[in-house]
């Protein structure tokens, strides 16, 4: 209980004094996770939408696999991306291991299935609703998929938020490919892990509180955007 | 003033040869042979569960027959602009404005951006929805959405317009509006094929009747002849209001959805 | 509608800008693979800014367990390896992955345990005797079990004490497979004995009921070595910059700086580079 109240006051202090280190860590966390979400959305939306409307043998198996990949353990993703980016690995010559770019890449891999799978579900539901009308009008394939995505764009915010939540919360992937280098690749989650392992539990917890608050604010913002749009478009 | 291009070869007549549609061995449509010609407004009439909706969807290409042949005068090729349109019993409007739903359909039909807007407005004017053009389509009332669907279909200038029980969910005032619009669309040169179980509507709107009962074509005659001298016992019973509700009648607006 | 689409494109462009951050401005930097215990002792936080100011070379430390640090070196993902497991380091050089191992400093291990000291090991300078007593009493003991330098040292002590720990361990011997900090957390939570490096212990804040019970045994000294990753095996290694760092660390100035690092007035590391 003491730990929690000490953590709370420490969190207030860190935020109130705009602690330099804190700003640095938060800025990097946002940069890494938001970039990963942006890239994963650009890639995952078409994959999910295409899978929702397409019909081909093995489609069901692909849907199941995509859903299963949502549960990819972050540490496994981190390890795989590390082996890819290592100097001894296939992409080593790019030299991006132990940089924020590597972290963005690992998190993108991690959340791409989440965004794609949730998009697929949402678009498939919309397709079931609109299929006859769109087919009647002559919209097929990609045209139909893109129409649906645009139509349900505000529900897709939920899929994107799910990806963001996963990215902001994970530590296993970024710590392996980033190396948790002070001032270069240290983000909120890896700092929390570090301070915990140093036994500084109040500091770790205070950072945790700040992280959760941040994610909460992002979610709240997205939710109000969604509600605004729903009121406008029905 | 005909909206439909008179020079192009018509896609009608539509020929059905022993067309059947079965699900799990049960024949929803049972060996229907029928020719739908240019000209008369055709009413697909029958009690709930007769298979009217399924027949409409087979004609429009939303379902494929499990046996038999269905052929248009000019075969439809995927990717080409569609020359038929359909209005469903329940509307599926996109989350856009009323005008936006029409311009979307026009865009699919390959109409240029400036033309889309002009034609969209014109279509809305024709059905009296111009004041609601910018309103989100999904907040319109049932009757307004149906009129919007008709406006959209009309803007596409189809050769054939299928209507699947379009007024089943509407009150008499809205129903009258819809029938008025259908009449105008027909006057502009579009072939009307409409399903209904409402005898009065069949009489008001139709020129010929295709009577369906339990998936089978029982009669195909001019409207006056059908109502004064029905040829089949089922037709006679139906006109008198004596046909029982069928066992497998559920939501007649989406039998196809049921079958999925 | 068109306006909405424009707004979406703008949002997308903004996001793309966040992602397209310019590649790190520091051109001169080296990657050093080192251990968590060294990092958590706070040495790097003290040492590196001094080096950086003097040479303009940024030192990026990836702090992991010794085993992982050597693996990072083997793969060529670091320029310099700075760990504390002499046997493993010598193997690393013998296998051609590292060049020119130099001894830099040593710190010491301590045996930590609950104040109540059920195995009665306190106030002895004999680490081997202490381990024998712990095993005899079957007192709970936490082992890092993570191929770290500390873990390797722990295993050497068991062996020297005549105990085949692999065969003779029991439920009292808890292998956490983790770094020094997490292992200390576990020991603190369960009131166990544990072998730790002094540096991490001095910085550790979650002590619970634990305290240092055995220290000062010569055998508890923990030697650090530094090596350049072999440029012959990995041509992209920053040889010049890496050697600058190594040479500074073993220089009189570097060695003095190491000795100057203190916690609560106590030095943690004892420089012992000798050219011979």
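Should a chain be cited, it is by its letter among A, B and C, assigned in written order, with residues numbered from 1 in that chain.
In this section, a residue touches a chain if its C-beta (ideal position, glycine included) is under 8 Å from a C-beta of that chain, and two chains touch if they have at least 3 such contacts.
Fair warning: this is a prediction, and the values are worked out from it, not measured in the lab.
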item	value
Of A-C and A-B, whichever chain pair has more C-beta contact pairs	A-C
Chain located farthest away, centre of subunit C as origin (C-alpha)	B
Where subunit B and subunit C are represented by their mean Cα positions, the distance between them in whole Å	77
Centroid distance [mean C-alpha coordinates] between subunit C and subunit A, Å	32
Subunit A and subunit B: spacing of chain centres that average the CA atoms, whole Å	46
In subunit C, residues with contacts to at least two other chains	none
Of all residues in subunit B, the ones touching two or more other chains	96
Complex contacts: residues of subunit C adjacent to subunit A	8, 12, 15-16, 18-19, 21, 23-24, 31, 36, 40, 44-45, 60-64, 74-77, 178-182, 184-185, 188, 200, 203-207, 234, 236
Of subunit B, residues touching subunit A in the complex	57, 60-62, 78, 81-82, 85-86, 88, 92, 94-96, 104-105, 108-109, 136-139, 156, 256-257
Residues of subunit A defined as touching subunit B within the complex	129-130, 132-133, 135-140, 143, 147, 151-152, 232-234
Residue numbers on subunit A that touch subunit C, as the complex places them	31, 34-35, 37-39, 42, 86-89, 92, 95, 97-101, 104, 153, 179-182, 184, 194, 196-201
